[in-house]
Structure formats: structure tokens, C-alpha cells
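When the chains are written out, they are named A, B, C, D, E, F and G in that same order, and each has its own residue count from 1.
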């Protein structure tokens, strides 16, 4: 207890000082705007809505079931259902959101909306550079700002996206196979009914069901 | 006339760079006789203020970068190339910042405190020898002058803390005074050893006494003698405390007293405190260099061709770096420990060091072979023993030890 | 300093002797934050000043414990009603020019805790906020990003004229009223002088 | 450790005058608890702490619960004479259990490493300021927690050394953890309101002219 | 006092708010000065957030100290009672925001007690791993902050945060978020370990011993640290027990009580770790106990990372939506880095808990703050508070 | 080198130092006057106390544990005044004179030791 | 020579007057420090370098601080100086002043200045000269001063020592 402890400590700081010039572990600074720490695959910040195809509004997977709205712990999601239905990826007619707002000034990035979504429609984004001086205009994200293509989903969460795509494709295949079988079984009987239904429908069916080109995950 | 003037300036600069005596003599004769004394004084004063003000700017940056490196990061590097303009930006901002004086404060004293701190601190630079022929003021009692102006800064810190009428400031001011008075004694007594050896209070002569080399390569600096080393250590510790640097930064202890005596200072008054603190650190480091580290002398025989002031400033910056290094390592003392360290450890040790120095002096008559080594060992034993005893007494009084822990499974 | 400064400015293509630019340059490169953490976000704020993110690169590691020497208040965390008067008072006690970054959901709007009875629904009800950073908590990079946004904002401020910031306007307020503790809520619950509920209709997209 | 029944039996032997009531717990945890009357609360607590077999030296958790008046309706089949014929008729009997506030103490033993024994102290009604005895003199660890209960529920702990509000400010008048506490209406505007928030915002918005 | 002595000592008969150490020199009539009433906090560099101590000083000496809470009271319990069980999980992250994983675990454990869900073995291992990593994060940061309070300008804290970032990287790749993991679910965990995570974790854990050595060399033997912290803020064991102190603070006072041993919750009985105990109960002991606990945590982690089995990560009976436990109550507690973190839940059969209560170790550990600080100096009060290890999110909730 | 009165230099230095300290303050004052109006307010100019309204006055009768240190400091300060001339003359002095100085120092050290033993140098 | 002297004298006198007449005791102490510094400057002007700097070191650096401590210990910061001093202390003060003045007058009158003997100009004495004189001719006075200082330490400490330092009160608080 005569100063050795202090000298030991100073040796340690000197080691770090000198080490900072040659040892990467002793100079851990990542100069942010230029260099960025690569986002982790599971990283999450704010939710976004996945859409398939080119047209974001038409390709939204969201069916406005409002489960996420209900389950969102801080209640930052707001959805109004559109009365017009549109076909989903398997061709089934589903509701779509007329309004889908997320207030990221409230969002706590907990991912529960993603967990409860049965349609794989809402996912977590990794973008964090959302700061700005406009609280109400800049941080209330509407459906257009939330919609991002599936390819983007693939770039930020490749493994998860591939898994989701696989699941959706399998489901679609199953539904299609079933539909085909049904169609074959009831080909004749259904023909008339199908024609009538098609005639009755106001909006022409849009081909929004094909998932965007599957990007093979990096690993 | 103008040509003469330019010529004179050129010659002056050349004489400074080449360590020639009477640099001012190169310029003064060109001027009218009336102006000569004043210009002579200005020529001494202006460079000092200029050099140390820029050194201050540089040091704040180096400190931030150095601490950064110690802490595994880069430190300021965006403002200008390598962040070199960071101090300029800080200064500019401070200048344009609003100046708040608390309503209940003693406004006159509040205003005077930073000025009263900065002025004596700057004055202390007058007596330091910066180079072989660069002494602004060679006073017979130069060292005493240094201590006297140093002592008069204490009141200004008290003024700052008291006038703010803030509780933290008052506590900080009281701590500041207690600390500075306590460490002033070890500081002076440890310097006295050097005075004993050189027989002068003039810093210039003290440096001259440290010229030459033992055995042709070991510089004849006092820090390399047992008493000089002990004195240097005591001096360094005391000067850390005198300049309120970590681990003696109690007056502005951030985690306890917000900013201590500076809590209520904003704008450039705050910057002035900051400046004065750094200038004080330079001054006292400069004195340490002068007393113990051979002043402007080169460390090795072959290096005398380098201008002497380069050595002086090199050593000064090394001292400052040591201060920064310590700051990056150690926690802060508590006020009672601080006082104990001063009165129960440093002061006795400094007094004993006087005896060691005397023994060193009186044994200089020994001429047998290896006498130097024997004297050295004798001196080391004389100061080492009390060091161990006093040190153990200091930490042992409270039974401070490293502990062994037991475990339950 | 002038020489180097000019070099720096010319390097940025802004060679100028205009006072405004010099002033803004000084301000934006020396933003000292108030050492002021409220909750979770404070840890990320500390992390931003630590080795990996190193806010010091921008000269902003000088966290001042006293508001008298600080330029920037990073409201990092939930502002409760019990804390709100202190926040406003601290803001008032900072010398001009001063800036506010509302870091994290709680500071912007109350965030996940806005349903709570003791949580202020956004610090901008009492003090003017320059930059909002969403996130809970925002990553340290997000703080640095916001910090750079603030620097841009400072750099764009004019010195005179209508667009000048509040503190340069002699008619601008010197401080903001500190709310008081009422029997059920703060009194007043917001400062109507700076906080207007925007009449934004929900965008029917 | 002894079961709660055993403890209750020993307590009854020790404090014959005490009214003790065991509360069952249907959850998977199956931790039953013991309601203690006010008069013997402190004495029982001290006994539990000092009894060599129990040594419940550690009061881990203290909390309040607000039990609203509970209306239970039970259907019973009663025999009634209807139109002169005796019939079995289903009848709903409504009973209202009055509301009360409760302080719950979770006790463990650090030295014997067992527990929990759960004590409950109930107020007579839900009036603000309804008293229960403080157990802080027995376990100092209850000090802040009892203050918190006083603050948030309004139970007054008699014998508490320093009963002030803990979390809310002095001068605040509500007890916000009560089930019937109404928050101040300070949602002037919320971009993504929900249910009641939306309703509140709507009321505020109605006052303003909307484009 | 040794453990056996302590356990055989008679229980304190009267506790005794009154037996607080009488401050030395409380000086009523003496020549000394007037008392200075100083508020430290809510905005103070060393109160670790928005805590406030109203201190009365006689010169530098503390003669009275009253903690003031509530500056971060954000109504966690009220919000939880108005929302579903699952929705409270991310809120628990924000209780003790340095240790979201252990908070998750404590809450999940309580709900599991309430409902009888049983996490599969792999989930239990993951829980132990994340909890011990959390302990490393917490203790590392705490000693960094403690030394910051002691006036070490940044360096220890920087090293601590350098190391923290490594663990946060692990948390982020596991759960998606650095601090607010929201990772555990009733009956298991939310997501399985990503590929390569175990190797990465093993690397971080493997390097931790070296970090601790370096940290020890940096500061543990520092004379100033020793002088500042030894004999300061002494907490006697009896007082600690009676005041419900838990965690490293209790163990520094020499009481052998660690819920990982006492309750053997999860699978802690499979890990032969040791519990370091202090003999003096002062700030230095609290500091060292945390350092030593970290070394034990490293051992647990090494074993867990080696032994973790494959398998499912969540009880198949667990439901994400429509979760309604049957009426009843449960109290579950774990040894979080700060002490005993408990959740007390009362269910009335609805999707929302009827009563939701957090037992906050930091708040309860502050019970004895005044006792420890009286008679010491302001500087001591600051480090005593630092050594208690509070996080305001949990103190005020 | 400065053959003229040393006090001229000190005076110039004094003036320059004061100027150096006051000039930026004056500049800052001018800036505030010209461009950035000083805005004071009751809250802004109140004493800072951790964000609270300050209660009580900071100017109390302060119990200064430092007072005793101040006394001892004064004594030792005087001692150094005697020590310095002695030190300057030391090389020319015989051992006897040195011993005389030791006696002088020991007398003072005795005072220090007495104070130490008496507990004066022990805090609080 | 005249103008600096005039300035210094004026400064010293004005600050001395201020030290006596200001209401705030701390202000008085600060003015006293200024007075002492002015005196030091006068010494310097007279060529007494050592005395001048020693004056600053001891009086501005130490005595003024002690005065400040004493003021803070006995007074609230903003309290005006005590009300009019009682008449007796006026008498005592006047008596002391007269005595001091008498001593000074005698010294001045017997000095070479007044007696008209020419001053022996040995150049300004160096510190070394002082030291030699001190250690040879004035060794005994030096030791007496040492004794005096020690006695002063003891006396001052005993007076300043608060009575509470009884063993019981000083007992450790744990």
C-alpha cells in the first residue's frame, strides 16, 4: 500500500494508451456516420409493413385484422379497415387497411406486433435514423411510409425472410393444390357459379399474390 | 527605419532560435530610447502570454485526445484536421455564450474572482527560464516571487466559491483553500532542497547548476539524486494538488459538488477559470522542470545543438502529459485523506528530505572510488526508510489492506 | 486560429468572412451537453459517449454537471410529472444559446408510459425541443445522428432577420414558466405559449 | 417448513384471541396466506420473526391490493311453492362482498432458508386513511414499501415511523393504484389514440375547429 | 462476524427504527457552524439518475440524509394492471434497464408459478446464460459508475462499457435489441439462439477473465480506492437482514444468502458456483464482492455454454394470445444482479392481472442509506449510494 | 538581460495579464450588448441547486474543520520564510549552522507532532 | 519614483479604509488582503525584495486566509459587521494604536534617515546575505523565533480547539 497500486494502474492505462495505436481491441471506436456497425440479423427498431410486388398499396400483406393494434403494449398502432377487400397471396379475398398508422414517437420496439401477426405482414425494421425536428409530421408513419418491399425484408433479415417466404409458398402451394383438386372435382358444377361471382365483383382481381422474387439468403 | 526594424526583428528571432544571449538587444537599439524599456518589457511579456495561451489551447485538445486514447477511443477529431480547431470552436462559443450571474450572488466579487485568479497565475511565468538566454526576469528572489504569486491565487478561488452564494460552491471553495494551503508547505519545502544545493533563489542559476553530465552521459539533473528524486515526487504530488488536478480535484469534484466553486460560472468567466487552471499547471510544471529536471538542458551530451527552449517545452509537455496520465487513472481522494497526505506524509517527508540533501552535500568530500554510488545508496536509504514508515502509518492507521474473501458454496 | 479556421472553411467550400458563419461554426462544433439522464435512454446516452461510439469526436464529450456551462439538454428518458418542474428549471438555468434533444419515445410523447398518471406526455409541452429521436431507447448511433442534425440546424440559423432563433430576438422570452404541483396534476398541464396541439387530421392514405 | 395450517394452529395456541383466516390460493403456485387481525398484527409478526422453528427474519415483499366490492351471484335450486305446487326452482342469489384494501407481506427466513409465509392485513373498508398496523417496527425492510402503499393506495400504517408519500409529490391528493382512480385528462392530442384515449382526444378536438 | 456466528446469533429482539448510529458530532451547542441543507439530486451527477438525497451537512459531515423518490415513477404497475400479461413483458425490460434479461426472467417465472407452465431444458439453459451475462453487464457497469462517483475520470467506466458492448452485441443478435431484450416468454424463450451465437458467447465469456484481471490491475489495489472505500458505509449483518437488504450488498455484510442457492430456481442446482462473502460490509467489500461474483458468473457461463442441450425452447402449452391464467396469486423471485427481484401477481381469471407488483431490490436496499451515511462526509455519501447499486427505473417503477 | 528595473517588467506583465483576462470578458460583454441580448429572469438567475428551488442560504456560519489547518499552515509558512535564506546560504555554512537550523525545524516539528498527537490533524 | 509610490500608497490607503468601513466582513477581509499586497509592493519599491515577496506569501497567502476562515466561522456571510463596538474596545484600540505609533516613531527618529547619518549603500542585500547573517549572527534569535512559533502553534490551537474534543465525543461512530 505504498503506491504500487497506483503505479500498476498507470501501467494499465499506459498499455491501453499505447495499445490504441496498434491493437484494434484497444481502440474500439467506430466512426459512426462513415463507418457503421453492421446491423444484426435479428435487430429491431420500428415495425414496417411488408408488401409483395411492385405496387406497395396493393401488395400489402396486412389484412387489417387489428390484432397488432390490440396487442401493442404502448398502443401506438392505429388501423381503420377498408371495406373493399382484395385478394391475398393465396387469392383469398381479405380486408385491407384504409389507415395504418404507427406513431414511432410512442413505439417501444418490442416486436409483439410481429409475434402476434398471423399474416407475416408486419416486421421489424433496422433503420434508426429517424430523428428530426418535426414531432407530429415526422414521427407518425402512415401506411405509405410503412410499406416496404419483401426484397427489403430479405436484405435486413435474410434467414427469417427466407423462412417466411418458404412458409408462405408452402401454404400457397397447398391452397393451390387444394383449389386445383376442388376445381377438378367440381369443375362443371362450379363453372357457372364462378362466372357469376366474377361478374358480380366490382374490382377486377389483381395479381398481387405472387411473392416478390425470392432473394436467397446470404448464408 | 522600417528596414532596420525588420532587420532587428529578424536578428531577434535568429538569436532566440540559436540560443544567443541578448536577443532583445538585437531590436532595441533600433528604437527610440524612450520606448526601449517599455518595448523591452513588452517583448518579454507578449511572447509568454501568446505561447502559453496557445499551449493552453493545444493542451486542452491533447488532454481530450490523450484521455480518449487511454480510454480506447479517438477523442475530438472532427473540427478541423485532426480536431485541431476544437479549442477554437470552444473558445468562440464561450465568448458568445450568455453570462449568467445569480441574483443573490455578490456580483463584484463574482466578477473579480476569475480575473484575480488569472493575473497572478500569468505573473508566475515571469521568472521561469525558458532557454539558455531566455529569462524574462531574473530576480534574485525569483523562486520566492513564484511562490508568492502562487499563494495569492488561493484567495481568488475562495472569492469564486463564496460569491456565488451556492452551497456547492461554498463547500468547493472551502475545500480549495484547505487543499492549497496544505500542499503549499510541502511544495516549498521540497523546493528548498534544491535551493540548499545551488545556494540561490534565482531559477536561472538553479538551471545553470544542473549543467553537465556525470560520467559523460548521465545529466546532472537533481531528479537523479536521491534527495532530488524524493523532492521531485513530493513536488509533483503537491503541484497536482496546487493546480487542483485529479486526484486532488476536490474543489470541483463533479460527482459530489456538481462543479464546486465553478458551479455558477458561465460564459467566458468559466473559460477564464479553465484557462487559469491550465496556466497554473504549466507554471508549476515549468518550475518542476527548472528545479529538478535540468530546465532547458539537453538530456544527452550530443543534443545541445537543439535550441534550449525546445528542451524546456519538451519537458514541460511531458510533465503535463504525466498529469493527464494520472488524471486518466486514479480516483479522487477524500478531503480528510487529502489533508492527512499533506500533513502526515508529504510534510514530514519533505523535512526529512532536507536532512538527506544536507547529508548528500556534506558527504561530497568523500573521494574514494565508488563514493558516488555509496552516497546515492545512503541517501536512498535515508529517504526510503521514512517513506515506508510514514506510508504504512498513513494507510495502516485505518487498517487499509487488500482483503481476502471467503466463499460459501 | 484564424488561418486554420479559414482553411477549414475553405475546405468545406464555404470560404467566408461572414460573422454569422463563424458564429454558427463555433456554436455547432462546441456543443456541451448537460450531464442529465432521466431513465433508460440515459444509459444509451452514456454509451454514445463511450469508447465505441465516442461522441467526443464531435467535441461533445464535455458533459457539464452544471447547467451554467452547458449548451445542450439531452432529455434522455421519461419525464415524470414530479420531475417536470425540475427539467424546466434546469432548462431555464442554462445560458443562451441552448438546445434540446428529446431522446427516446418517453421524452417525445411519454412513449410506452404515456398511459401513466405520473408521466408527462412529451417534454415539448414545457420546453421547446429542437430534435426528436424516436426509439426505446434509440441506439447510440441514433443520438449521434440527431446530434449531427442539430449541428446542421445550428449551421442554418441566421443571425438577424425574422428567421433568427429565439435567443437572438430581444423580444423572445428569457425563460419558460415552471409548472407547479397541483392536487391531481401539474398546474398548468402544459405551457400554451409553446405547445399547441397540432390540428393534424389523420392522413387517410 | 411447517405448513400454513400448522403455523396457524400454533398461532392460535399462542394468541387465543387472534382472529386468523386462511386464504386459499387456486393457482399453480398454491401459496396460501393468512389474514391477521389488526390487534395482533404486530405481535404475530414479531412471534413469526423470533420463533426458533420459523425465524422469518426476512420480510421480502410488502404490497397493497385494492379489492373492489364484489358482486357474486350464485344459482341455487330451492324448493318453492309455486301455484300451490312445490317445485324446484333455480334462483340467483346476489351477494355483495364489501370492498377493502389489503396489505400483503411475504415473509421468508434467511437463516433457515424457507418460506414464504404470506400475511395479509385488511382494512375495514376502502375509505382513504383506513388503518392497519405497521410492521415496520418488526421488519425495517417494510419501511419504504409501506410508505409506497400509503402513497398509492391510501392505507394508513399505524406505528410507521415516517409515513409520508413515497413516489408522488407532497400535496398530491389521489391514490392512483386504486382501481377506481381516474387519471387527469391530459391527452390533448395524440396522433394514434386508442379507445378511451381516442374518446378523450375527440372531446378535446370537438372544442377546436377542424378543417 | 462469520456465517455460523451470524446464523447462531439470537435474532434481534426489537427492531428498531431507533437503533440508528448516532451521528458523531451532531453538535448542537458547539462553537461549530450552522447546518447546511443541501439537496443532492434530482439532477446530480452521482445519483445514478433522478434520485435525490436531502442532506444536512455540518461542514463536510452528513448529519441527516433523507432519500426522496418518485422522480421516475412511471406507473409500471398501473399500466400492467390495465394490459395483458404478455404486454407487460417489454415493460419489465424498462424496470432495471441495465438488466432486462433478469427482469424478463423474474416476470416469466412468476407467471409460470401462476399457471404451471414449465420451460423446456434448453430454455432454462438459455435463461441461465442470459441472466449471468446480465449479471456481468450490471456488475461491470456498476463498478464503473462507482469509480466514476469516486472521481476516476471516465477510464474505469469506459473500460466497463467497452466490455458491456461485447455482451450487448450478444443480446442484440439474440433478441434484436441491445438493452430492451423482451426475450423471455411464459414457459420459455421467444427465439432460439442464432447460428454461431454460442461460439461468439464463449469467446466473450472466455475474454472476460482477462478483462477482470486488467480491471483489477487498473484500480482494485489503488491506494486511493482502498482508502476511500474501506471502513466507509458499514452495514452490519443484523441490520441488513432486518432491512430486507438483498443481493451483493447483503453478501458484502457477510450473510450467505443467494437465491440461486436458496431457491434453486431454474436449473441453478446444476452449477457448482461459490458465493463470495464480505466480512466488513463496507463499500470496498461491496465493490470486491461484485468483482468476485463476476468471476463465478464466468464459471457458470462456461459450464452452461458447454452443456446446453438441443431441443424446444418453449413449453408447447404456452399461448401467445388469449392468455388467461385462472384466478389465484403467485409470488416469484429470482436473484437479479441487484438483489431479490420478485413479481407478485394476482389473477382474477381475466387477460389482465388484477394486481401486479414488482418487488424492487434497489428501492429496498436504500432503506439503510441514511444509516450508512450518517457521520460520514459528503464524498462518502456519494460512493455509499454508488455502492448500493440503484437503477431508478426500478426504484421508482 | 533586463538591466532596467525588474519592476517595470512586472508592472507591464501585470497590466498585460489583466488585459489578457479582461479583454475576452469585454469582448463577450460587447457581443452580448450588440447581438445576443442578455435575458435574465427570476428562475434563470436563481441559484442552481440540482434543479430544485434552493432552500435556505448558502452563506451560513460554516463549521470549518479547516481552521486549525489554517493556523498550522500559517506557522509553517513563516517557517519557510526562515528556511529560504538559510537554504540559500547553506553551501557556505558550517555543519554547526545546519544543526542550528535542524534545531529550529525540530522545534516546529514538535508543534506539528503535538498537534498530530492531539488529534488536530485528524479530521472531524 | 514618485508616481508609482503615490499610486501604491493611495491603493494601500484606500483599501485599508475600505477594509475598515465596508459592511460585509468578507469584503473587508478581501480589502485587507489588497492592503497587505499594497504594502508588499511598497517594500519592493524600497528594494526589499525578500521582505516584499515574503509579505505576499505570508500575509496575502496565509494570514488573509486565516482571517477569512475566522470570519466564516463566526459570521454569516451576508451579515453586516457587528454593531458598533463597545466603548471599552474603542479605548483599547486607540491605546494600542498610540503605542504602536510611538514605537514606530522612535524607530524612525533614531534611524539614519532622521539622524542625518549617511546611509551605507551596500547595494540591495541579496537573500544570500540575509541567510548568512541569519545563520551566523542571528542564530540565537532564530531559535527563539522557533520557540515562539511553536508556542504560538500550541497556544493558537488550544484556543481554537473546540471544547467538544472530549474522548467520549471523539469516539468512532460505528
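Quick notes on this structure:
Throughout what follows, a contact is a pair of C-beta atoms (placed from the backbone, for glycine too) under 8 Å apart; a residue touches a chain by one contact, two chains touch by 3 or more.
Fair warning: this is a prediction, and the values are worked out from it, not measured in the lab.
Inter-chain contacts peak for the pair B-F, counting C-beta pairs in contact. Put simply, the chain farthest from chain B by mean CA position is D. Centroids of chain A and chain C (each the mean of its C-alpha atoms) stand 31 Å apart. Averaged Cα coordinates give chain B a centre that lies 39 Å from the centre of chain C. Centre-to-centre separation between chain B and chain G, using Cα means, comes to 29 Å.
Taken residue by residue, chain B touches two or more other chains at 70-74, 94-100, 139, 144, 162, 165, 167-168, 170, 174, 177, 181, 184, 199-201, 254, 258, 263-264, 267, 328-330, 335-336, 395, 400-402, whereas all remaining positions touch fewer.
Residues of chain E in contact with at least two other chains: 24-25, 27, 32-34, 36, 38, 42-45, 60, 70, 73, 75, 78, 90-91, 94, 155, 158-159, 162, 165, 180, 218-226, 377, 396.
Shared contact sites, meaning residues of chain A that touch two or more other chains, fall at 1-3, 6, 9, 12-13, 16, 28-29, 31, 73, 75, 78, 101, 103, 105-106, 108-110, 136, 140.
Contacts from chain A toward chain C in the complex involve residues 28-33, 36-37, 45-46, 57, 73-75, 78, 98-101, 103-110, 128-140, 142-144. Residues 6-7, 11, 13-17, 69-70, 73, 75, 77-78, 112-116, 239, 241-245, 255, 257, 262, 325-333, 340, 342, 344, 346-347, 354-355, 357, 359, 363-364, 366-368, 396 of chain E touch chain D in their complex. Partner chain B is touched in their complex by these residues of chain E: 3, 36, 38, 44-46, 57, 60, 147-155, 158-159, 162, 218-228, 230-231, 256, 258, 261, 272, 274-280, 284-285, 288-289, 292, 377-380, 382. Across the interface of their complex, chain B is touched by residues 1-2, 4, 6, 8-14, 16-18, 20-22, 24-25, 27-29, 31-32, 35-36, 38-40, 42, 44-50, 54, 57-59, 62, 64, 66, 69-70, 72-73, 76-77, 80, 83-84, 87-92, 95, 98, 102, 105, 109, 112, 116, 121-124 of chain F. For chain C in complex with chain F, the residues that touch the partner chain are 66-68, 86-87, 89-90, 92-93, 96-97, 159, 167-168, 170, 172-175, 178.
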